[in-house]
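A, B and C label the chains in the order they appear, each numbered from 1.
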Amino acid sequence: MGELFAEILRWFTTGEHWSGPDGVPAQVGTHLVYSVVATVIAALIALPIGLLIGHTGRGAFLAINLSGFGRALPSFGVVILAFQLSGLSLVPIYLALVLLAVPVMVTNTYAGMAAVDHDVRDAARGVGLTGWQVLWQVEVPLAFPLILAGVRIATIQVVATATIAAYLGFGGLGRYVFDGLAQRDLAQALAGAVLLAVVAIALDQALRALQKPLTPRGLRRSNR
Amino acid sequence: MISFDAVNKRFDDGTTAVHELDLEVPEGEITVLVGSSGCGKTTTLRMVNRMLDATSGVIRIDGRDVREIAGSTLRRDIGYVIQQSGLFPHRTVADNIATVPKLLGWDKKRVRDRVEELMATVGLAADLGRRYPHQLSGGQQQRVGVARALAADPPILLMDEPFGAVDPVVRALLQDELLRLQAELRKTIVFVTHDIDEAVKLGDRIAVFRTGGHLVQFSTPAQLLTHPVDEFVADFLGAERGLKLLSLATLEDVPVRPTTTAREADESGGDEWVLVLSDQDTPLGWRSSSDRALIPAHGLSGGDSLLAGLDATVSSPTGLAVRVDAAGRYVGVSDQRAINESATRFRSEVLVP
Amino acid sequence: MKWSWIPDHAGDLVTITLLHLRMTGTAVFFGLLVALPLGLLAYRVPRLKSVVLGVSSLLFTIPSVALFTLLLPLTGLTPTTVVVGLTVYTLVVLVRNTVEGLESVPPKVAEAARAMGYDRVRTLVTVELPLALPVIMAGLRIATVMTISLVSVGLVIGQGALGQLFVDGFQRDFGVPIIAGIVITLLLALVADALLVGVQRVLTPWHRTGR
């Protein structure tokens, strides 16, 4: 065990692992690009849908159950299938990642909107705000914490699933894990796993830290 | 009897909720604790069944220090009713009521019989037993709360604003039923409320608390209304102290005299107001020939208060309160002067300490 | 597409589905076994609560590929590795929901129990836990569906149960096993969820009655 630990440490302190197109910074960069691009596209699709359902109240059933469906979908299967059906390029991988990130964001956005107090919404209408004004001045600010939480959860999920890109021959942090396993180089695989965990946790913490300043002042209580 | 002897309660954060409390709660009576919010009423109550322990001083029940008795044993002999009842949402009404009897290991049949009996006692239809609490109205839930507290026939009942969450009409109804029950059961009841009218109506004795947990006055409702010990208590009792006092005396001794009556179908003759009676002799209302419309009149019995009688004379077109017997049949009328005389007599009786 | 692959391999599919279910069941069972006492503890001891919830949310953030790999030195390339990893995720969801469920019990109700002479243990077992059940069950449903879908990530160490169908299809450039794997996984999740909803309805009769 101690020996393995030393080996992992050696892997991390080997200079060549930190430079070049296969080096850690490059792979972290690649991984983040996959993740961020997929999440942003997914958000551009999911948030308007969630807001629309939340504002009109129509399609609530869909919004509530979508995240369950997203949870049940075996993400690796979906990515591999998309990759295979449409020509072994990076595009289907992006498509699959987007598909997997949309449900949780729709559900959370809807949940945030649904949780807005009925009286508050009524009062907003009562003082003469239009539908749009109610949406932007009342509903969205109040739903914001949950919307952000949805974006964060989706991001972490995408980061986890993006490792599959490496399984399919592309870059990213999955590279070290899959290469290590294939070459029976446990130290490399473990080093990759550690990197993956650290990046995911760091990103999660960063997004949590962002959540606070972005939350309307009156809604800030404890951070969850 | 419950006695408090120099009892203090200080919370960890330094709040003194009860200060040097000496109080003797008489057996078989309703003792009401009143006072503004945060003055230590709930704290006082919860020290009796050891939901809280006093910081210093002794609380005794029938001479025995409550701290000698294990909390959960003690509590099985003390009924506790709280606002919004604290019913178990996951148990049916019948199971809720059966809680303590089951805890005491009664056999099934005895528990079932007791539940049935209690539901009748507190005025709940038997078929409500199978429902869950959320399927009942607020007033019904409150009745279940009372039934549950009475289940094992505890000699002591602690009630913390039990009727605080129901509307005034239902509250009055529940108060009347509590009084009816108490006439029968003679429990030692400690009852907490904010509402001075409720205190005067229910209390055999009233303890008035001031913020900081000070007991400022402990006396009968009549004494309290006629002899408030200080400005604070007088303010707390409010502006209509005299009228509140009238709610404590009954119409029993107020003389009754006859008046002109008529049946519903009769054509009335002169200009006089006549009292219209139903075929069962219950009063329906006043009618005059110049105006065919009936002005409703509500009959008062000997058990109703002088205040209700006075109110009836003021709101009747003839200045007369209609009197009925226990069955609701017309017996006569009383005028304002007769009621005033009784009020004067009552006041002079209670004014003599 | 040669759909006849599916009937031709019906026996294998059944075997692999059963394996998938066994791995899911084991993970959820052990997750529940650890989560309930841990959740109770966190609920009762406020100081522990933030630690327990903090650590578990940290664990939850670790991608499954990384977690399975990190467990390799302990349990090797075996199904156990996958099951242990999934137990961790289950645990996280269930601990959180156990605490939330217990916190959702109205204080008045627990207080009423105490006022009638219930001791702490009896209050917990006969009042607080039953009332927390809907939230705990919601957690159990999430954990179960999530686990069913995550077992297939075990493919990275060759222990993906239905996930092995994805590897198979990928290597042979053949979509049918992949589709079969996805569909069976979704069906399992659907059935398991429906079953748990049924269990919840049986366990919480007071929720079934409308006004």
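Methods note: a contact is a pair of C-beta atoms (placed from the backbone, for glycine too) under 8 Å apart; a residue touches a chain by one contact, two chains touch by 3 or more.
Given the structure is predicted, the values throughout are model-derived calculations rather than measurements.
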**Report entry** Core chain by centroid distance, with centroids computed from Cα atoms only
**Finding:** C
Report summary line: Note, CA centroid farthest from subunit A's centroid sits on chain B
Query raised in the report: What whole-number Å value describes the gap between the mean CA coordinates of subunit A and subunit C?
Result: 21
**Report entry** Rounded Å distance, subunit B centre to subunit C centre (Cα mean)
**Finding:** 53
Requested in this report: Mind checking the centre-to-centre distance between subunit A and subunit B? Centres are C-alpha means, answer in whole Å.
Outcome: 61
Report summary line: Shared-interface residues of subunit A (touching two or more other chains) are none
Report task. Write out the stretch or stretches of subunit C touching subunit B in their complex. Result -> 106, 108-109, 111-119, 127, 130-131, 204, 206, 209, 211
Query raised in the report: Okay, in this complex, where on subunit A does subunit C touch?
Result: 1, 4, 68, 71-78, 80-81, 83-85, 156, 159-160, 163, 167-168, 174, 177-178, 181, 186, 189-190, 192-194, 196-197, 200-201, 204
**Report entry** Of all residues in subunit C, those that touch subunit A in their complex
**Finding:** 58, 61-67, 69-70, 72-73, 142, 145-146, 148-150, 152-153, 155-157, 160, 162-163, 165-166, 169-170, 173, 175, 178-179, 181-182, 185-186, 189-190, 193
Report task. State the interface residues of subunit B toward subunit C in the complex, per the touch definition above. Result -> 49, 51, 71-76, 80, 82, 84-92, 99-100, 103, 131-132, 134-135, 148
